[in-house]
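Both of the next two complexes hold chain A, though its partner changes from chain B to chain C.
Up next, the complex of A and B:
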């Protein structure tokens, strides 16, 4: 069966570091968008990434509108929408509960994961939509599903949206797990304190047609550790399998990867295992950094947001430094301390979630 | 352990037995679930009313992909696990993606499951699901193993990737032979069912009298047909004036 090639032809994002252009400026300048908040959980300082006071759903519509404006489409009526989200409408439900002190006025239809696609469908009338919710790999899995549907010729246009609002449920949950950093997170640092929860929106239009400025989504791969519900396999088998499957799907060798856009949350377990996986798989020591030090961990939106970063790295041929890094825990991986201008043909972007749910995406510069 | 998880646990015990008996367990099996994320009531109340952080295990169990992990761990699956949500047609969406991956030969075997728990209050749940007030709610955990190979298979399934209009659907139903059976999604308006049954020579397959309504109940209908019937089944599902069609053919 002949497969169609898949291209990322338009995109935009919003995070605590701003829109895509602002995010990349911040990433190259190692300037974090995270702020330390002492009132979100009274008495407990936490680093959070928020773009409040903007309304989340207005921002969502605006980001998608910008992608449509940058595309060659007049509308999204022939486009499939795939949403990746872990929070859905929970943040809105929380607002209602804290205002009313009652669950009574919470609209169940606005609480579910599908509230993101429902909102966008109302504004843009997509051909069809579906939502994937696999915690921190949600929108990376949405990208993978989009690639496969496009390859098969089931659609010509798929819009992938990763969107998660900051909500009390997730912040409290991560606090309960003891993985929240009271400071701006420092992925891959020897003595790191944990992660920062953040909100984010990213939308990418994937098409089978090549356009000026296209970046190719060359491959995707996944694996499941099934090792432990919160901790990755310490031998990194799941992470290695995920990246290996993505490389195989892209039809490229490990030594062709010029940059690894790491999952790099800043937690002890993730960064140690991801470092080991990269060290084991990539003998040529490609550059690796995590932009979560700039944007925080946008959970279900992270895969799409970091897909945007990966596309920008390929277009600019410029690798962002590992923000906040002073002394690396693992000296066997190539963490840049400052921006690197170099030829990058392929980027691999990792997303790893609870339950050993791993996804890797390979992007290539169009020559 | 929460009932939601218990459903998956009970089911996967049966599943392992069946998988070992009939096909062996492949460790690269993909594990796809269609489900809805809820915040467990105890977690919700702990956080919102008592202002206490949740117990880590409660927080983890409220995440969508947790069940995929438990199933994967129990069966020793290390293929990708995916949780898919779709308001209206979650089973069809999961099966379409699985069908695509098998066609593209991305996977050799995919395990698709649907897990639903009956949520209280019932009136609230019915409003969310968009079902009429006299339809009884149920809960269930149903699983299918899909492969591209006919050898050793119990049945074949074909999912129409697009929604289908009433006229096309009507023509499809009219063209069925008397050996085929028809089944309807439980949200289907009774007047639509009556129109289809009036214009077909095939008998209706009843699964509804054996279960209450839940979002992933089409998987129950599929499994029940495979277990008790032979021949072809056309399953017409309905949500908000939209129709989707699946065709099942049981071998033997």
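Up next, the complex of A and C:
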């Protein structure tokens, strides 16, 4: 069976660093959008990424509207929607439960993950929709599913949306795990303090037709650690496997990767394991950095948001520095201290999640 | 795009409040792991055993995810109590298949679908895509575990608070011999209905082959 090629033809995002243009300006300037916040846990300062006062669901519709405006489509009536989200509508449920101390006024349909696809279907009337929730790999897996469906010719247009709002459950939950940083996170730094939870929305239109400004989604790969419910395998077998599977699927060699857009949360465990995986797989030391120091960890939206960053790096041929880095924990990986202008043909973007769920995406510049 | 798939196994379990005898002690001999399992994880491990599946790609679905863990967390926050790290670890929608992968050392891809009442329809589509992409047998499971305190405040239509249905499928060149009819499965969460339709049709047919849309 011959396979179609898959192109990212339009996209937009919103994070605490602003829209995509503002995010990239901030990434190249190493200027974080994270703020220190005590509203979720009084007396306990944590770094969070918020785009408040913008309303989450209004912003969701607005971001998708902007992608439609930038596309060659009149509407999304012939487009498949694939959503990736880890919390869905839980922020609204929390608000009601904390007020009422009862579930009575919670609408189950507005609580579930499907509130994202329901909201977008109501506004744009997609041909069909799917919704994936694999924690922090949710929208990376949505990208992988989109690629496979487009390659097979099942669809010509797929819109991938990654979306997660800030909520008490995630902020307080990560605090309970002892992994939240009280400051702006510093991925891959020797003495780092942890991660920043954040909200984010990213939408990417993937098509089988090549347009001006297209970036190719060349390959994707997944794996499971089968090691621990939250901690990554310290031997990095799962992370190596997902990257290796993505490279194989893309039909390229490891030494063709010019930039690794890291998962890079800033936690002790993730960054050490991801560094080991990159060090093991890429002997030519490609540049690697994590934009979570700019946007925070947008959880289920992170895969899509960082797919947008990967596309921008390929279009601009400019690699963002590792913001906040002073002394790297692992000297065997190539973390840039400042923006690097260089030829980048391929980027690999990693997403890793609870349950040892790993997904890697390979993007290529269209030549 | 439609393709044909052989259905190798079908299993289901359900109860009005709690499924008894999920055979946890035999299936999960390590007590430390067994004690951490959520109800959805126990249902998943039980159903996968009935399907004789322990290694390969998995597609799991749940419209509402880990309700007990979520309720524990929000209850703790509301009462200014500390959150249990285990509750938070167990609160994500992919908790059940993650414990399954831990138990059996399964390093294959795992997808978790959650799309409201369309969840099991989406699971069938996603599993068909996975089976075709990897050209191998795929386990697909949909389950809901809604038996948390005060669920009656929001539950108006579900009699069976714990329920799960599982299938294993693999691509085939054989022609379909099983017609799947849409039915109303009264008392069950609608998120399971599409897979229950397939399970009903396949249980009535020897060596069933069905057509699935990608």
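One rule holds in what follows: the second predicted complex is superposed on the first by the 363 of 367 C-alpha atoms of A that agree within 3 Å, B and C clash if a C-alpha of one lies under 4 Å from a C-alpha of the other, contacts with A are read in each partner's own complex, and residues count from 1 in each chain.
Quick note on the criterion: a contact is a pair of C-beta atoms (placed from the backbone, for glycine too) under 8 Å apart; a residue touches a chain by one contact, two chains touch by 3 or more.
This structure is a prediction, so every number in the text was calculated from the model and none was measured.
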| item | value |
| --- | --- |
| Clash or fit, chain B versus chain C on superposed chain A | clash |
| Partner chain(s) touched by A:134 [first = chain B, second = chain C, both, neither] | both |
| Which of chain B and chain C A:153 touches, first, second, both or neither | second |
| Which superposed partner A:118 touches (first chain B, second chain C, both, neither) | both |
| Chain B versus chain C as contact partner of A:3, first or second or both or neither | first |
| Contacts of A:102 with chain B and chain C, given as first, second, both or neither | second |
| Partner chain(s) touched by A:180 [first = chain B, second = chain C, both, neither] | neither |
| Partner chain in contact with A:308 - chain B first, chain C second, else both or neither | neither |
| Chain B/chain C common contact set on chain A | 86, 88, 90, 94, 97-98, 108-109, 112-114, 118, 129-135, 141, 145, 148-149, 152, 154, 168-169, 172-177, 222-227, 229-230, 237-238, 241, 353-357 |
| Complex contacts: residues of chain A adjacent to chain C | 83, 86, 88, 90, 93-94, 97-98, 101-104, 106, 108-109, 111-114, 117-118, 129-135, 141, 145, 148-149, 152-154, 168-169, 172-178, 222-230, 237-238, 241, 353-357 |
| Contact set on chain B toward chain A in their complex | 31, 36-37, 39, 43-44, 47-48, 53-56, 59-60, 62-66, 68-70, 72-73, 76-87, 93, 97, 100-101, 103-106, 124-125, 127-128, 161-163 |
| Partner chain B, residues of chain A touching it in the complex | 1, 3, 86, 88, 90, 94, 97-98, 108-109, 112-114, 118, 128-135, 137, 141, 145, 148-149, 151-152, 154, 168-169, 172-177, 222-227, 229-230, 237-238, 241, 249, 353-359 |
| Residue numbers on chain C that touch chain A, as the complex places them | 1, 36, 63-65, 70, 73-74, 77-78, 82-85, 87-95, 97-99, 101-102, 104-116, 118-119, 122, 125-126, 129, 132-133, 150-151, 153-154, 214 |
